[in-house]
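Chain IDs A, B, C and D follow the sequence of writing; residue 1 opens each chain.
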Amino acid sequence: MNLFEFCYGIIHWLVDLVNHLWYWLGDHLPRVFGDFFNWAGDLAVSHGNIALFAILAEAVIMFVIALVNVLNFIWIDRKWMGRMFDFYGPYYVGYRIGGWLQNLADGIKLFVKEIITPAKVDKLGFLIAPVILVSSSVLALSTIPFSPRFGVFTSDLDTGVPAGLLIAFAFFAIAPFSILIAGWSSNNKYTLIGGMRSAAQMMSYEIPLLLCVASVFLLSGSFGFLGVVNAQHDIWFVIPLFLGFIVFITCLAAEVEIQPFDLPEAEAELVEGWTTEYGGFRFGLFMMTSYLRGYVGGALATALFLGGWQGPSIIPDEFWFLIKAYLVFLIIEWMRWSNMRIRVDQILNIGWKRLMPLAMLNLLIAAAFKTMGWF
Amino acid sequence: MVLTASKKKPSTLGFVLRPMRRTGAQVYSSLIAGKPNTVLYPYQKLDLPPTYRGKHTLDFKRCIGCSNCVQICPNDCMWMEKLEDPELGKIERPGVDLGRCLFCGFCVEICPTVAIHETVEFELADQDRSKLRLGPKELRDDKYADTVKEERQKRSLPVLDLSKCTGCEKCAGECPEMCIAMMPIEGVGKQKPEINLSKCTSCGKCVIVCSEKALTMTEVYESYFEMPEPKFILKNCTGCSACAKACPADCIYMMDMPGTEKVLKDGKKGKPKKRAVFVLEKCVGCGKCFRACKFESIEMAGVKR
Amino acid sequence: MAERGKSTGRPEEGLERAPSRIGEDPEERVIRALLDGFPNTVTDFKKLRKGVLRAKIERRELYKACKLLKDSLGFEHLSMISAVEYDSGFELVYHIVSYQERLLLELVTTTPKDDPSVDSISSIWGGANWQERESYDLMGIKFNNHPKLERILLPKDYVYHPLRKDFKG
Amino acid sequence: MAEMWINMGPQHPMTHGLWNLRIKVDGETIIDAEPEVGYLHRGIEKLCESKTYTQIIPIADRLCYGASLSWSHLYCVTVEDLLGLEVPPRAEYIRVAALEMQRIASHLMWLAAYAADLGAMIGFIYSMRDREVFIDLLQALSGSRITYNFPRFGGVAHDIPPNFERDSLRACDYMEKRLKEYEDLYEGSKVFMLRNEGVGLLKKEDAMNLGVTGPSLRASGVRYDLRKDMPYSVYQELDFEPATHKDGDCYARFKVRMDEMYESCKIIRQAVTKMPKGKWRTLAPRNAPEGTGLGRVEDPRGEGVMYVVGDGTDRPYRLKIRSPIFVTVSAAPKMLIGYKIADVVAIMGGLDMCIGESDR
């Protein structure tokens, strides 16, 4: 039974429960109204509609899991960073669970802060930028299954979202657009420069990233998560495509704007980059989204290179997936906290002159493997 | 104008791994091998050295109310407060405004009797500014001064009681350092020993040799600062004893000064008048006598009236 | 001499001073050169301690003397410009340093109270630029030919010169 | 993008303190720069004219939060020159040890800010952690953590506490071990080298002409250290070598300061072991004679000079303070023009700005 069937069953049961009322009303009311309620009940119980509601329920489940994951991520990041920095990290709020509640406390603090819209900003852009960023990241997340059973599916067949990886990357690539809007509409020189830097950086790192992904598609012969992960049953793609994995991780770091590549929000030179004018919960959304994107990146790397949910069946598949994603995230964070920030011309140089040829080489390697018939 | 070109070309990975090795070693030492370096402040506290300069305490019994601390305070955050103590009577003691205090420690250093101390207590914040104004009663801690090791040196000096002195020059002859000189008292026709304090080694021989018991040894704390000394002009003195009442260190006393007698009509001399006598060995340089004197008979350079 | 002045401060070569010939004591050399160049206007030569000289100069010759010090005597560094107000007038003290000879020259010049102005030496030493602005700002001394004589520490619309003795609060 | 002026400051993460750097950019390239200081002007020179000589010592501490001991020491040296006061040798050795600890602490604070500017919070945390060691030593010595109020005319305020020698030797060993570890973080990091090499070039002639002093001058290839070239305390009896570098870029400035920390460790070791017995404080006269006094010391940030005019009373007639950073920051446009916005933080961070002393 996968998540779709589970949701379908629940929705079906709920609809049946309500339909009893409908049909009872249809029987007892005058004819005109009764027909209407009977018709509504029939409509609700039809297969397509229940499937639609089931997908919605799946999305809600995945979203809640994503939010909990973000809390976990921030907590892990802070603890990991703390030990690296020779201090404890969050400690007192939620003392018995290792300071886990600190994130909730911070979230509440951000939530109750006054939301300020500066006077001279472009209102529409300023309001819509966080919405786009958060929604695109959540949408990218929604396509990622934790296991063949647990994810957003559109039918009871175990196929997942068709071409789910493509959709995930498409949503993943919307972010520079919203960052540019945020930077431009804030009407501030720092945010403008930050937005511009972000756009330039993300555009240029998108290409090697997708080339690496293309090599995985080439080897696995599928655009969907299930196909890619199942193709790694014998050997994880990180072994034949090690070069691609390194390039992918590097590009991922640039995509989610973490430390060696966090030019758009370089706090030393551009105050807070494109988020300078945002405060309160909007800033909280941005911050949450950056961790969410970190998680999405880790999950994508897991699915593409590290064999997804495959592992010894001592623990369930879903946990294998999460553990791998967390590990990738931790390595990225490790890189983040031990490095400095590079300059904007150097980042473009590295992107175009180094990562791009390497990604091409990686694609050639993948093509060679495919031609040899090893995959 | 492009000067930004680096000497070495950037490599793709760079040496990202070396800093990561360093931080990884740190994670090992703070997570597995040991604990982080943090002191969890409100629950754990560091040991502070005894020299630490925190909140002040004041020993009422040692303090003589000389107001030297008030005068040296760079921020003018101390003041003298008159109060009545059941034990000590009418006294004058300093208070500290911690909101202005810069914790320089000069009040501790200048105190001639080591009555003010700075404790290691540093958590002094309050929501009310007026709570930071600590009067003498809040500062009072008569036991603290005995608990800490004294850094200031004590020195015993011979102190002259002029009323007993006969001017016999025995002490001057006995002093091994030759630091006692007999000086005539102006307008009296008598001489008294004057002691050069910078040479005195506190051997006490002059006290032993004095047949009239005019010299006694007194212990005085050595001062770190050069204080202004009062200069007494005898001919302006009227004997009102205001300075002797004002002096906190008991270094001025009134004495029937020979040579000041009024010549009566019958040619006899009347009773000698009272005049102030200074014991500069004990003087703390506060300038209170200078301020108290209304007849300009005391001069003190560098002190404001 | 000019050659030597230019070659000062070299990191490696300048380390070891060449064994000085008799009469080549750098302090005396500076005194001699200044007295030769400005026989009437340089007065009151004093050697305060080893390596520290003090001289007085009239203000009209200040620029030329500084030029001489920089170009041919090897004083590369202007350390400090301090303005002091006396009852008779203002006194400007220039502390000028020679890196190679380890010399410090206190060059004192005076200006009358009603016309506090001297020639700017910021074209000789670039480091004098801001210090002259500071002297102008706090003491109100005008420096002729200064590229940008504006207030630097105090607000632009401030009218007093607070380090003067007649400024109260 | 068109040319525009950007205000980096007065409230900006790059400016450690309150100052403003106006830069004119074309795209991301700087074509003009104009530093503005004065936001923290407290009028210390005027204030000193109404305080007695002794009362100014804690005020001189407040000139710089990073290296307050060296400023109060400079003030004491100046007044001792005016008074003609001899300092007992034990006091001089205590002073030298404390000064070098202060130099290490100040350099570590610079390193912390520099690393944070370049984006490595790890450097900030590590440097601040290791700075604590020396702050603790100075606290045991003087009784305070930031504003020590330790030197006095003709000596120091306290004798050294028990176990001070052992603790300082241990701290030096610890610091040298840590400095070796820092190599991994900084020079071992390609990213750091990318950001620093060839950035903010300051030629030797420019550095001397613009009055740049201290580590920045030595990084431009001029070997001039007041401790060595015009020794003022007991520095001539100690064996050390001022650090120089000939490149004149940000990396050279970084390297000079790192080498200076090694040298300071050496000096502390010698000063602590050579320290003679005897008096550590003398009685200073209350009134200064008429005349002038000049003090000139090697501050962690450059050449600190004070010039005091006495008029026979117990208050100075005039006290002029030369702040090294005030002059060095006026040379900033020379270093900035032609580089990118991101280089501003590397260049200005490499100068070790301290606004307290520069605005006075």
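Keep this in mind: contacts are C-beta pairs under 8 Å (C-beta built on N, C-alpha and C of every residue); 3 or more make two chains touch, one makes a residue touch a chain.
None of the values given here were measured: they were computed from a predicted structure.
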Separation of subunit C from subunit A in steps, with touching chains one step apart: 2
Furthest chain, CA centroid comparison against subunit D: A
Identity of the most central chain, Cα criterion: D
Selected interface, C-D versus A-B, where C-beta contact pairs are more numerous: C-D
Subunit A and subunit B, separation of their C-alpha mean positions in angstrom: 70
Centre-to-centre distance between subunit D and subunit C (centres being mean Cα positions), rounded to whole Å: 24
Subunit A and subunit D, separation of their C-alpha mean positions in angstrom: 48
Centre distance in Å when subunit B and subunit D are each reduced to the mean of their C-alpha atoms: 34
Multi-partner residues of subunit A (at least 2 other chains): 84-87, 260, 337-339, 343, 345-346
Per-residue multi-chain contacts in subunit B, two or more chains: 4, 6, 10-11, 13, 16, 19, 22-23, 37
Shared interface positions of subunit D, touching two or more other chains: 120, 122, 129, 185, 189, 191, 194, 340, 343
Contact graph of the chains (line, ring, star, complete, other): other
Pairs of chains, among all present, that meet the touch criterion: A-B, A-D, B-D, C-D
For the subunit D and subunit C complex, residues of the former touching the latter: 37-38, 41, 43, 45-46, 204, 206, 208-213, 221-224, 229-230, 244, 246, 292, 294, 296, 303, 305, 307, 309, 317-318, 320, 322, 326-327, 330-331, 359-360
Residue ranges of subunit D touching subunit B (in the complex, touch as defined): 29, 51-52, 54-59, 120, 122, 129, 139-144, 147, 149, 152, 157-159, 161, 181, 184-185, 188-191, 193-194, 197-199, 201, 281, 283-287, 313-314, 337-340, 343
Subunit B contact footprint on subunit A (complex, rising order): 80, 82-88, 91, 246, 250, 260, 334-335, 337-339, 343, 345-346, 349-350, 354-355, 358
List of subunit D residues in touch with subunit A within their complex: 1, 4, 6, 8, 12-14, 28, 115-123, 125-126, 129, 185, 189, 191-192, 194-195, 340-345, 349
Of subunit B, residues touching subunit D in the complex: 1-8, 10-11, 13-16, 18-19, 21-23, 37, 48-49, 51-53, 72-74, 102-106, 109, 118, 151, 223-228, 301-302
